[in-house]
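Each of the two complexes below includes subunit A, the first together with subunit B, the second together with subunit C.
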Partner chain A sequence: MSDAADVLVIGAGPQGLAAAAYLARAGARVSVLEAEPVSGGACANSMSVGDLVVPAGPHSLCALDPRVVKELKLGRHGLKFAARDLALTGLRSEGKPLVLDRNAHAAAHSIAPVSQRDAERFAGFRRDLFVFGRALRAMWWEEGELGEAAQREELRRLAMTSAGAFLDAAFESEAVKAAFAFDAMTGGLSPSDAGSSLLFAWRAAQEMCGLQGAVVIPRGGVASLADALVSAAQAAGVEIRTSVPVARLLLSGDAVTGVALASGEEIAARIVLSSLPRRRTLLELAPAGAAGFATARQLRRTPDTAEAKLVLALKSAPGFAASQPSGRFIIAERLESCIAAHAEARAGRLPAELALEAVVPTLFDPSLAPGNTHLLSVLVRPLPVSPEEGWLKLAPRLTDAVLAILERHAPGLKGSIVAASVGEPNAPERDALTARHMLAGWRARIATPIGGLFLCGEAAEPAPALSCRAARIAAAIAGAHLKGEVR
Partner chain B sequence: MRYDACIIGAGADGLAAAATLAGRGLKVAVVERDSHPGGRCATREFHPGFRASPFVDELPAIPQDIFWSLDLARRGALLMSAPASLALWPGKQSLLQPSAGRAQALRRAIAERVLADAAQPPKRGLFASAAPTAPWPGEELAARTLLDVLDESSADSAECAHLLAALLDGQVCDPALAGSALQLLAGSRGGMAAGGLGRLGDALRAAAEEAGAEITCGLEATDIKRAGRRVAAVGLADGSEVAARAVISTLDLKRTFLSLFSWSELPRALVDRVGAFRPAPSMARLLVALEAPPDPPAGTDPIALRGPIHVAPDAAALDDATRAWRSGAAPERPPVMLRLVSAVDPSLAPDGAATLTVTLGAIPHTPFDGAWTREKRDKLRDTALAAVEAVWPGIAKRVLGAELIVPPDTEDMLGLTGGDLSGGELTADQMLGFRPFVEASGTRTPVEGLYLAGPSSTLGPLATCASGVAAARALMADFAAGRLK
Partner chain C sequence: MTDERLRATPFHARVAEANRFNLWENRGGFTLASGDPQEALAARFGAVLGDVSWHGRASICGPRAGEFVSCLLTRDASRLRPGEALKALWLNDAGGVRGIGTIARLGPESFVLVSAVEDLRWIADAAALYNVTVRDVTEEEGVLTLLGPAAGKLLAAAGLPADLGALALRKYFWRGLDITLSRLSDGYELWCAPDDALIVWDRIVKAGRSFALCLAGQGALDTLDLESGIVRPDRDFAPARDGFSPEPSPGSLGLGGLVDRDHVFNGRAGGPEKVLAGILLDSETPAPQTVLMRGGHVVGRTLGSLLSPALRRAIALAALDADTAAPRTALTAAGVTCRTTALPFLPIPAPLSPGDGKSAS
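Let's look at the complex of A and B:
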C-alpha cells in the first residue's frame, strides 16, 4: 500500500472533480484517479474535427447546479458563459421554424401559424411546468420531499405518463410535439415509455445563469467547465493523477479499503467515490458477488437506445442559424416517428428517421474556430446500443443519414463542410434510466451495497446530465462518514 | 314517470348494474341501441347453420361472487373452464396452461378497492384538487416492462413469445416499453360460454328483467339532460326522454362525454381530459365456416385443439407488426390466433362441420391510405387464411364461407369508439387510479349523478360485469347518503 488518502475519487470528469473539490475544501486529503492522460472526462477536448478539437460529451449545459458554480467559485476559475439561453427551436421541412422562446409573446407568435390553439396554450403549459419544476427542486436539488399532497399526486401521475401522452394532452400540432420529442428520448427512453414525461419536469426544475430551464454554452466550449473545475480542485488541494486506470476496488468484508491500479499499485483510502456508472463500478471494479445477485441482475440492463455526437466544421454557418442564432435546433418530423425510430433502434437497426439537436457554438464564441470557420455540433437519437452490423460499419451510414437530414434544412451545407467527425456512443457502458430511478432519493442513487463506496457521477443524477448535484451531495455524505458521524 | 336509474347500454356491465339495482327495489330503465341486449355477449349466424361470437370468443372472467349473486348458472350461462393454449411453429409446438397466480390476486384486490371506494361517499367535488390516494395494488408494475416480467417466468424466447401472444390476445402493446407490464392486469380468459356468448347475454338479461329492470332495445340514447349540475334525464333517438335520478353509462369514455353532452356545457378541463384519452383498436376477426373439422396437426393432442392456437408467435414479428400498426399499415405478419370454437361447443356448427375463428392482432382502425376497401379486406382475409393454411395445409378447400370484421365494423356494431374492445389503451396513465382519468377513477364522474361503467372504467378491462356492479353500489351509496334526491 502506498499514499494513504482519506478519499479516492475515480474519474476526473466534472463530477469527480467537483466532489473532490468539495471534500478537499472540507479538509480531507483527496486524490482523483483518471484513466486518461487528461482530466475532464466527457468534457475534455478529445474529439478531433479536422484541426480542431471538441469534447466528446455534451455540447451545451442545461442542468449545472448554480450552487456548485457559486460555492466552488467557478467564475473566478475561468467559467464564463457565451450563450445564456438557447431557445428550443423546432426546424420544419416546410414553413418557418418554431421558436419556443422564453418570451411568451414571441413563442405564441411563432406557434400561431401552426396552431392557434397551441399558441394560446403554450404560455400556460410552460408556466405550469415551471411552477411544478420549482416545487420539484425539493427532491431534485436537495434531499427532501415534495411539500404539498397535490404535488405528490401530480408527480405520481407523471411517473405513469409517457411523454407522448403528456404532449398529446397539451398540444394538437405535430410540429410543437415534435420539438419536444428529442428531450423525451434522454437516457435512451422512448417517448412512449411510462414515466418519460418526468424528463420534462426534470428539465423545468433546472436553472442556468439564473434562468429556469435555460440551455447555455460556456465561453471556450464545455471544456472550459472541466478546466475551471480542475483549477478549483487544485486550488482546494486535490491531487489529480492522470493515466492511472483503476483495476479493482479493495474490500475488507463489506467495506471498501482502497483501490488497486492497473499498474499493480494499491492505494488505501477510507472512502471511495466513483464517477463511473453504477454497473461498471459494481460489476467490473468490485469483486464478483459484492453487488449481490439481484442487484447484479438489474444492473446488467443497458439503456434501450444510444445517442451519438456528430461535429462538422463548416466554411459558413448553416442557413437555419442565420435567422435565429441563439437556438437549440431540433429536427424531428413527428412524435410518432420518434416512437417508431426508438423501436427500430432497440432492435439493433439504424432508424429510417432520426431526431437531431444541433447547436452552432461558434456564433457566440468565435474563438472556438479560426477565421470564418463554424462548428455545427449535432446530437443524434435514437441509435442502436449494439448495432447488428457493428459501430464501424454503422458510423458512415449514420453520417450520411444525418448529413442528408441537415441538407434538407440547410441547403448547401454539404458543400461547405471542411471536416466531419462522429463520436462513438457510450451507451453500452451506461446504466438504464427508469422512472423509478428518477424518483428514488439521492441516498438510494448515491449509496452502494459496499460500505464507504459512493457514486458521484451521472449515474447518481435523476436523469443523465452534467449537473454536479450528485457530486455535491455525495461529498457531503462522504464528509459525514469521514468525521465518524455515520457508522 | 321518473326512474331511480337509467342505464345506457345493455352489455354485460349494464345488465349486471340493472340486475343489482333492481334487485334492491330501485326502478331501473335500460336503453340499448341494438335490437338485442348483450353487447359483446353475442352469438350470431354468419353463414347458414354456422354461428360464432363476432367480437371475442371469451370475455374476461366474471368475478365468482357476481356470477353467483346474479344466479347466472340457473339462467343458462354455463362457462367452460379456459383450456390450455397451443403455440405451433413449423416443426415445433408447445402447450401452456392458463395460469391464475399473482395477476388474479391483484385483479381481485383492485376490484375490492373500487367496490370499497364506491361504498364510500365521494371525497371530492367537481375537479377539486386530487386528494392523495393510497397506492393501487399492482401499481408497481407501471415501472416495469412486460418482457422483463415474462422473461422471469419463461425458459426460452419461444416460450416467452407464446406467453406474450396468449396474454395480449390480439391487443397491441410494445412489451419493451416501461409500463407495459400493466397488461398483466387485463382480464384473464373467462372460458367460453356453452351455446356461445349470446347465451351469457341472455342469462344476464333474464337476471335484470326478473329483478324488475325494464330493458328497451332498438332505441339509442342521444343525450343526457341536466337540471342544474345534476343529471335529470336521458334523451332518446325518438325524441322521448327517460327521467331518472341517476344515469349509469356503459358506453366508452369518449362516447359518454363527447356524444351525450354538448361540449359547451361541460368544464373545459373535463372535455380536455376526455379528448386526450386514447383508444387503441387493433383487432380484426375472421369467422370461418368449414365443411368438415380439420385434423389435428401431426403430433398434436386432439384435446389441444379446444383452446386458442397461436400461429408461430415470435417477438420480432410482433415488434414489426406493432410498428406497422402505429403507422397505420396492416402488418405483413400480424399475430394470429385460431380457435376451433365448434370443438368446444358443437352447437355452433352443423353436424359434421366446424366453425373456426381467426383473431388478428395489430390491425389499424383506418389504414393510412384510407378506409377499408374491398381489396384491403380481401387481402387481410387472405393473410388470415394463409395462417390457417400454414397450420392445416389444404384447409382452403373446406371453407364454405367467411366473414371478416375489422375495427370499424366493431365500432359500428357495438357503438364503441374506434372499435377498441379494451375501451382505451392499457398504458400506465390509463390504468388503475388514472382510468379513465384521475377525477373519474373508480366509477363516479365529475358530473353529478353520472356513473361510468363499461370498458373505459377502472374495472372495465379487468373483469366482466364488475364495473357495472361497482357503479350500482356507488349509486346506492349516494342514494343512501341522500345525495341524489
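Let's look at the complex of A and C:
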C-alpha cells in the first residue's frame, strides 16, 4: 500500500474537484484519481472538431451552485462568463422564432402571433414557476424541507404530473409547448412520464450569475470551469493524479478502506468519494454483493433514452443566430412527436423526429475559434441507449438527420461546414432518473450502503446537471465523518 | 410461483393410498395429504414418516458459490466442509427476513439450500452478481422425513447406518439405490431420485412395521414444527417481500440466534434492531399499534395497549429502536406524550404466605 490519504476522490471532473477542494480547505489530505490523462471529466476539451477541441459534455451551464463559485473563489481562479442569460428560443418551420425572453413584454410580443391567450399567460406561468422554484431551494440547494403545506402539496402533485400534462394545462399553442420539449427529456425521461414536470420546477430553482433559471456560457467555454476548479483545488492543497484508472474499491467488512488502481497499486484512505455514476461505483468498482442485493437489482436499470452532442465548425454563423445571438435554440416540432420519438428511441431505433438544443458560443466569445469560424454546438435527444445497429453505424445516420433538420432552419448551413464531430452518448453508464430520486433527500443520494463511500457527482444530484451542489454537501458529510472518527 | 399447474410429489401414489380422509392441500404448488394433526402424537413414542418433497431446494453452483452463500446467509456457510450443513436466514438490504433455511455443502463449489419458502428469483438475481448458477431442483428428488424416538432404530432395521450427527448429510448406496441421508431438522431426511421414490417408501414402511411407524400428513408435520418452536415464513410470519423493508427483523421473530453479527452478509447494516420496551402514556386512552415519535423521527410502534388501573394510566408494549429504549426516554404516540420504562410495568405480587402478615404490620 502506498501512503494513506484521508480522502480519495474518484474522477477529476468538476464535481470531484469541487468536493476535493472543500475537503482540503477543511484540512483533510485529499487525492483525486483521474483515469484520463487530463482532468476535467466531461468538461475537459476532449472532442476534436477539425483543428478545434471542445468538451464532450455540456455546452452551457444552467445549475452551477452560486455558493460554490463564491466559496471556492472560482472568479479569482479564472471563471468568467461570456453569455449571462441565453434566452430560450423555439425555432419554427414557418414563422418567426419564439423568443421566451426574461423580459416579459418581449416574450409576450414574440408569442402573440402564435396565440394571444398564451402571450397573456406566459408571464404568470413563469412567475408562478419561479416563486415555486425559489421555495424548492430549501430541498434542492440544501438539506431542508419545504416550509409551507401548500408547497408540499404542489410538489406531490408535480411528482405525479407529466411534463406534457403540465404544459397542456398552461398553454394552448403547440409552438410554445414544443419550446419546452427538449428540457422535458432531461435524464432520458419522456415528456409523458409521471414526474417529468418536476424538471421544470428544478430548472426554475436554479440560478446563474444572479438570474433565476438562466443558462450561461463561461468565457473560454465550459472547459474553463474545469480549469478554474483544478486551480482552486490545487490552491487548497489537493493532489490530482491523472492517468490512474481505479480498478476496484477495497473493503474491510462493509466499510471502504481504499482503492486499487488498474496498475495494481493500492491506496489506503478513510473515506472515498466517487464522482462516477452510482451503478459504476457500486456494481463495477465495489466487490460483488457489497452494495446489497436489492440495491444491485435496482441499479440494473439504465436510462430509457440517451443524448448525443454534435459540434459543427462553420464558415459563418447559422442564419437563425443572426437575429438572436444569445439564444438557446430549441428545435422540436411538437411535444407529441417528442413523446413518440422517445418511445422509438427506447425501442432501440433512431427516431424519425429529434429534439435539438443548439448554441453558437463563438458569437459572444470569438476566442473559441480562430478567424471567422463559428462553432455550432448541438445536443440531440432522444437517442437509443443501446442502438440495435450499434453506435458506429448509427452515428453517420444521426449526423445526416441532424444536419437535415438544421438545414431546414438555416438554409445553406451544410455548405458552410468546415468540420463536424459527433460524440458517443454515455447513457449506458448513467443511472436512470426517477421522480423518487429527484425528491429523495441529499443524504439518501450521497450516502451508499458501503461505509465511508459517498457519491459526489451527477448521480447524487436531483437531476443530471453540473451543479457541484452534491459535491459541496458530500464534502460536508464526509468531513463530519472524518471528524467523528478522530474523536 | 413459476408454474400454475399443481404438481404431484414422487411419493404421490403411496400418499394417496395412505390418505384415509381424502383431505388434500396445496403447498408450494404440490398436492399433499393434509392428514390428521393427531398423527403428530406418534412422534412422541414411535416414529412418523412424512413427505417433504415440496420443501424448495435450490442448488447453488459455481467457482464463487462459497463467496456467494457467505454473503447471502446470516452465518458463514463458506466454512462448511462437504457433508456439513447449517441453519441460517437470508435478509433483504434493510435487514428484513426474507427466508429461513438449511444450507448443506455438497462439494467445493456446490451447495444446496433447503427451505419451505420460495424465493428463488431473489437468490438467483443475487447469485448472478457472482456468476453463480442457482437452479430449482425441488422436482429432481423426493424427500421423506422420519421423526420420532424410534427413527434411528428404524433406519438401522432398514439397513441404513443411523450414526449421522446433527446438521450433516451423507450419500449411501442402499441395496441398489443411490440415496442421501441427512439430519437437517429434528429427524432424518431421505433424499432419492423420483424413480426410486416408491421403492424407498415401501422399504421404510416395511421396516417401520415393528416400530409403530405412522404415516403423517402435512397437518401433523406442522404441529410437530410448531411444538418444537420452529418459525416458518408464510405460516408464522409474513417474510419481507420488498428489498428495502426492515420488517420483520430477525430479533422480532426470535431468530436472533441464527445471526452471526461478526459475519458480513447482505442486510447486516440494515435498520436498527428493535427491542421490546414498556411505554407509559400520559393519558388514560390506550394507543395500540401506534407510531412512536421522538424529535420528529419515527422510532418504533406500540403493540398491545391497555389502561392499567393500578398505574392509573394507559400502558403499551412497544417495539423500539435499541438506542431509544433506555428507561425514561420521552416520546410521543399520536400526539400524546409518553415515556419508556423497564418491563415488567408492575410485577405480579407473589402469593402471600401466612407468615407475611406479621412483618407487614
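Note that in this section the second predicted complex is superposed on the first by the 484 of 487 C-alpha atoms of A that agree within 3 Å, B and C clash if a C-alpha of one lies under 4 Å from a C-alpha of the other, contacts with A are read in each partner's own complex, and residues count from 1 in each chain.
Here is the rule we use: a contact is a pair of C-beta atoms (placed from the backbone, for glycine too) under 8 Å apart; a residue touches a chain by one contact, two chains touch by 3 or more.
Predicted, not measured: the structure shown is a model, and the values here were computed from it.
Colleague: Sticking to the clash and touch definitions up top, decide whether subunit B and subunit C on subunit A clash or fit.
Modeller: On the shared subunit A, the partners fit.
Colleague: After the superposition on A, what does A:G451 contact: first (subunit B), second (subunit C), both or neither?
Modeller: Only subunit C is touched by A:G451; subunit B is not.
Colleague: Would you sort A:G292 into first (subunit B), second (subunit C), both or neither based on which partner it touches?
Modeller: In the superposed model, A:G292 contacts subunit C only, not subunit B.
Colleague: Is A:E344 contacted by the first partner subunit B, the second partner subunit C, both or neither?
Modeller: In the superposition, A:E344 contacts subunit B only.
Colleague: So in the superposed three-chain picture, is A:A435 touching just subunit B, just subunit C, both, or none of them (first/second/both/neither)?
Modeller: Touch status of A:A435: first partner only.
Colleague: Return, as a multiple of 10 degrees, the angle whose vertex is the Cα centre of subunit A and whose sides reach the Cα centres of subunit B and subunit C.
Modeller: Approximately 60 degrees at the subunit A centre.
Colleague: Under the stated touch criterion, which partner chain does A:A159 make contact with: subunit B (first), subunit C (second), both, or neither?
Modeller: After superposition on chain A, A:A159 lies in contact with subunit B alone.
Colleague: I want to verify the contact counts: of subunit B and subunit C, which reaches more residues of subunit A?
Modeller: With both complexes superposed on chain A, more residues of subunit A are touched by B.
Colleague: Kindly classify A:E336 by the partners it touches after superposition: subunit B alone (first), subunit C alone (second), both, or neither?
Modeller: So A:E336 only meets subunit B here.
Colleague: I'd like to know which partner A:A194 touches here: subunit B for first, subunit C for second, both or neither.
Modeller: A:A194: touches subunit B, not subunit C.
Colleague: With both complexes superposed on chain A, which partner does A:A42 reach: first (subunit B), second (subunit C), both or neither?
Modeller: Neither partner.
Colleague: Looking at subunit B versus subunit C in the superposed three-chain picture, what is their shortest Cα distance in Å?
Modeller: Minimum over all C-alpha pairs: 6 Å.
Colleague: In the superposed view, which residues of subunit A touch subunit B and also subunit C?
Modeller: Subunit A residues touching both partners: none found.
Colleague: Once bound in the complex, which stretches of subunit A touch subunit B?
Modeller: Of all residues in subunit A, those touching subunit B are 149-150, 152-153, 157, 159-162, 165, 168-169, 189-190, 192-196, 304, 336, 339-340, 343-344, 346-347, 434-436.
Colleague: Using the touch definition up top, name the residues of subunit C that touch subunit A in the complex.
Modeller: Within the complex, subunit C contacts subunit A at residues 64, 67-68, 71-72, 92-94, 122, 125-126, 129-130, 242-244, 264, 266-269.
Colleague: Within their complex, state which residues of subunit A touch subunit C.
Modeller: On the subunit A side, the touching residues are 253-254, 283, 288-289, 292-298, 449, 451.
Colleague: What residues on subunit B touch subunit A, complex-wise?
Modeller: 129-133, 142-143, 174, 176-180, 272-273, 276, 278, 316, 319, 322-323, 326-327, 427-429, 431, 434, 438
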